[in-house]
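Heads up: the structure comes next, in structure tokens.
Which chain is which? They are A, B, C, D, E and F, in the order written, and residues in each are numbered from 1.
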Amino acid sequence: MNAIDGDGRRADGRRPDELRSLRFRRDFTTMTGGSVLAEFGSTQVLCTASVDDDVPRWMRESGRGWLTAEYSMLPGSSPERVARRVGGRTKEIQRLIGRSLRTVVDLDAVPKLRVTVDCDVLQADGGTRTASICGGYLALHDALTRLVHDGTLAESPMVGECAAVSVGLIDGVGLLDLPYFEDARADVDFNVVMNGQGELVEVQGTAEGRPFTRSQLDELLDLASLGISQIVAAQRAVLGEPPEPR
Amino acid sequence: MNAIDGDGRRADGRRPDELRSLRFRRDFTTMTGGSVLAEFGSTQVLCTASVDDDVPRWMRESGRGWLTAEYSMLPGSSPERVARRVGGRTKEIQRLIGRSLRTVVDLDAVPKLRVTVDCDVLQADGGTRTASICGGYLALHDALTRLVHDGTLAESPMVGECAAVSVGLIDGVGLLDLPYFEDARADVDFNVVMNGQGELVEVQGTAEGRPFTRSQLDELLDLASLGISQIVAAQRAVLGEPPEPR
Amino acid sequence: MNAIDGDGRRADGRRPDELRSLRFRRDFTTMTGGSVLAEFGSTQVLCTASVDDDVPRWMRESGRGWLTAEYSMLPGSSPERVARRVGGRTKEIQRLIGRSLRTVVDLDAVPKLRVTVDCDVLQADGGTRTASICGGYLALHDALTRLVHDGTLAESPMVGECAAVSVGLIDGVGLLDLPYFEDARADVDFNVVMNGQGELVEVQGTAEGRPFTRSQLDELLDLASLGISQIVAAQRAVLGEPPEPR
Amino acid sequence: MNAIDGDGRRADGRRPDELRSLRFRRDFTTMTGGSVLAEFGSTQVLCTASVDDDVPRWMRESGRGWLTAEYSMLPGSSPERVARRVGGRTKEIQRLIGRSLRTVVDLDAVPKLRVTVDCDVLQADGGTRTASICGGYLALHDALTRLVHDGTLAESPMVGECAAVSVGLIDGVGLLDLPYFEDARADVDFNVVMNGQGELVEVQGTAEGRPFTRSQLDELLDLASLGISQIVAAQRAVLGEPPEPR
Amino acid sequence: MNAIDGDGRRADGRRPDELRSLRFRRDFTTMTGGSVLAEFGSTQVLCTASVDDDVPRWMRESGRGWLTAEYSMLPGSSPERVARRVGGRTKEIQRLIGRSLRTVVDLDAVPKLRVTVDCDVLQADGGTRTASICGGYLALHDALTRLVHDGTLAESPMVGECAAVSVGLIDGVGLLDLPYFEDARADVDFNVVMNGQGELVEVQGTAEGRPFTRSQLDELLDLASLGISQIVAAQRAVLGEPPEPR
Amino acid sequence: MNAIDGDGRRADGRRPDELRSLRFRRDFTTMTGGSVLAEFGSTQVLCTASVDDDVPRWMRESGRGWLTAEYSMLPGSSPERVARRVGGRTKEIQRLIGRSLRTVVDLDAVPKLRVTVDCDVLQADGGTRTASICGGYLALHDALTRLVHDGTLAESPMVGECAAVSVGLIDGVGLLDLPYFEDARADVDFNVVMNGQGELVEVQGTAEGRPFTRSQLDELLDLASLGISQIVAAQRAVLGEPPEPR
């Protein structure tokens, strides 16, 4: 099967440069300062941001706050059951999410805060790590905004925006936002993280099969840039209204 | 504060013998044979049933199928973040869920099957283990029904129904279906599992503070029986329609 | 084989409501404040109570003492060797023992104390967890009494008595204090913990095969009550004399 | 305090070359083929030998049987509670016990057998590893003898005897069979394992403080040899009668 | 301090586009089929390739060989001692090395082979993961060539070349092959893996501080391309002579 | 094959009482205070000594410094790849190294110091633990000497010398410094540690097959003494020159 059909459509009917249907369900749960269910097509990631003031001692001495991310797949999130364990791949993903989200908070401004962003994949159909970054950014934003609203913080330490998407090459065709079906057969697989101005925060590209050229890399980054600008717009729409008081 | 106010109402407005609002959201996710989001008030547990034919060798020799349950709380399910680890309490809970669900399946009839019921708590407000049993039963039922529909099984190995609820004593007053607020101050805490005929499958009662008498135990079991009959009715309503083909 | 023969006797010659031969060997070892070998028939559990003042910091701030129990089976305690590892079942059992023993000590009265009750099964023939509670209570009592005798404590923080026994149903017949042979084929299996007044501290009942009715539950609790009153008498006989100075 | 007083006596009244009171309690428990409680003064080690035919596959291909030992201290075996974990010291000790006991069995003669000798220290007052070897040898012997008696084996694969003792130097005085009190302040600490003919199987000597000379080493080995000949005599007395049928 | 001084030199005297002194010490050890000590300045990584035919069963069924990499830092490889444990960062690095090396071997051609490339960092001064790839490629090549020489393989399954280097941005200046001193203060940090034709195999770039633009990314990839072409030349020089028979 | 041939030569041409070629490569790496590659024939152990002032709190209260050793084999150090894990054997070895090295330092004199000596086996051909002690002693000496040179310590806490060697019996012939080939078939295997005066620090001897006599033990200790005097001479030659300033 080809990457696109004669009409230039992918198996799910999308054009190569088209995102899947995108939804951010704010306050999906209500126990934490921020909670967003990020949906990209069938992919569903529940992102929550928990804040406490139990900064590790060595961190407290550094005078900085602390932000980490954790990522996990629910066992029933895939057709083949996913065992509950933290493997190398999981750690790699949560390091990526944490690094990306730390770029949008001024941790020097909140020396007593520890924020944990948890990204739990309820359903996995490709792009779970990039969906985690997109939803995690929103959960983080809501949690910190609520701390401003309740007077814990004088002003928000948020200093930027953050979104991410996957792109890939199949049969030499560049594709945006790959579901599992495409991801599994891609020759090249990229995850790209950008800020709200379209600058690059993280680029991770891997040739699964054959290596790729510089011009193919350029094509993929153009696609990612296009997709991320649309995701950022959707994030801004959510944040246009303040979170409900809790 | 008292267990009930002057009008005989609890803090959330319920009478002592009243269940919280109850909802089973069938096919909440679609990757596994069965998937049900069980909601008791604010408590939300995503129950999925995954089936494969990878029975452990020692089990295969025994000529029986295999059913286990796993239980976990998402870190953001509680106001105080829950660390991702499998402690003694978790194991105890998943052993309870597994024991209860094994009573409704004839595993001798499905010697090549391994079923795993995963209960992931999205939001924890008391009664998560009993909600897991109630939702897990439905997910299990759907998964096995679909195997009959697609011809994998000639007939369903389901042989019974199963539901569970918590009851407790506060200031000598028996209460049905305790949210966290009540659970944390209960003197006595019971989890009761019954089948569809109201017979007992499991009784676990603990005096957190002062011991309890036989007549208090009787009162609590009456309450549990009442609640479970309503839950069973709700389960039957769900199963009244076959699951959608997948 | 039936649960009882024509004369109403069990395979080991006991009547249904008869305890196995019971012995508490005080000061079986002498390194800890309390040490009791509890024997129910062939079941032997060595219970020791170790006291130190190394209360965890978070506990010290709470102004309460701390009591935990640990339970383990020696590898040679069973015909089939038991691997040395702490599984879910073990944790569940030690949580039960700890909960039960905490009901007999006023931990607020001993804010600087940490007590660990260790229950090591030398020989396992059914009822090891209930024997652990019975023997652990005595070891705990002796350890605290010795602290009073040597002047560490002004008065004993012991506030109650505690004993436990297993009961079960085989072929509809209620049986008291099941050895392994009966335990393995019981349809219903109960562990019951009571205080010295016969009030209930913990009830755990499981239908291994077929569910049970309320009247069967009542019958089993009657049996447990009968057995526990005899165990309490035996415990009182031991404690009638003070422990030897050490 | 000196190692010996003016009359040449140690703190517990023994002469330097005198063993503690020694007792082997055969069939202390009855679940395994062999079970011996080895007592050297206050030191008590319960040694059991479990036999099964579940030889690991790679061993089965080798055509040899398999014998391993495990060693553990019960938490209440010492005045300061011993945490339940397998540290480096524990592994080192069980490797020593296993090596020593493998010298007395012809494992080529029992290709289908796996023997595990478990040494659980009920009370620790020095010399627990050497007591484990002495008692483990007896438990092993009984277990294999019973296999001959019940016809599982045509003849016993036992090919030798094994005993062990600790010796040490305090203030230049050589001492046999050190209790904890002496062990803790010894300058040099030896564990010596011999066969029934007084030949050496294992020698482990460590200078805790100051190094030792060849002539001091000779003195210590003479002491060990003397003690072991007495232990071997006691072992032979036990084995003079066959174990009771089980 | 600036990234470069007035003469366009870095702190260690190099120009921005200059590699550190590079050395591959072939057969540094001789126990494995391939062994290369890769040195980039002070960075030293010992890369060994071990081959056996113990392919995991599920792999054997797939009809493919198996190649994995492991990476570890010796505790004394850094001024601040590195604890011996496998953290998330380690796993991430070994996954990168493994992915990169799998692109140069046709594993379908060697269905019975399992190759493990071990990269142990003797001295860490930046660029250890890229040095591991460069040296690991050579160790792998030698190990497989020796299998051809000794007749185990009819022909070599090597199908490509592989090299890697780090590049980074400090104060907007692009730098090739960063030592620790530069790596620690880089704003952007890239690891680039290419094949012998200069095509991209893996691109991993992270903004440690401020995000980066597309043109900065282009500049960095140009630098990496330049450096890798020189490394490939050095690798080819080594492989110009066959490995010595073993 | 015999232990020695007709001319009294071993398989590698050595006489029974001859050491392998011995080399200590000082400052093999330069990140730690001391770094020595110890080579005995093909055996290569990289020994580094890392010093910091992060003494564990309980140690700080004791007013003593702290010295531990760690030992590990690189996976590629043997023809059969060695898995990266810390087993019982590893712990036993590092306890031996640590004990031996602690005899040469006055830890009371350096209450704020923590020294870790890491012994990583690059190539294993027998005698790795004794080579670790010999090389570890030198690395430790250099690290402490450099602390005197840079003024951290007023004077060196080194109070002695330390060296070790293996000896063994094959076919009744005593052999010094066994390579793997001989070690694997030795009937008796000894590791001996001595100080610079030839006094014994540690003696560990094991009969792998048949037990050994006192006179054989004497012969082996004579051989060890001879070998260690030569090793000590080589160590003194290295330390004759001060380490280079760092």
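Side notes on the structure shown:
In the analysis below, a residue touches a chain if its C-beta (ideal position, glycine included) is under 8 Å from a C-beta of that chain, and two chains touch if they have at least 3 such contacts.
Given the structure is predicted, the values throughout are model-derived calculations rather than measurements.
Listed by label, the chains that touch chain B and also chain E are A.
Steps from chain C to chain E, minimised over paths through touching chains, total 3. Averaged C-alpha coordinates put the centre of chain D at 29 Å from the centre of chain F. The distance from the centre of chain A to the centre of chain B, each centre being the mean of the chain's C-alpha atoms, comes to 33 Å. Chain A and chain C have Cα centroids separated by 52 Å. Multi-chain contact residues of chain A (touching two or more other chains) are absent. Taken as a graph of touching chains, this assembly forms a single closed ring in which every chain touches exactly two others.
A single ring links the chains, and its order as traced from chain B towards chain C is B, C, D, F, E, A. Residue ranges on chain B touching chain C, taken from their complex, read 87-89, 91-92, 94-95, 99, 103, 194-195, 197, 199-207, 211-214, 217, 221.
The touching residues of chain C, when paired with chain D in their complex, are 29-32, 35, 42, 44, 46, 48-50, 52, 70, 72, 74-81, 84, 86, 116, 118, 120, 122-124.
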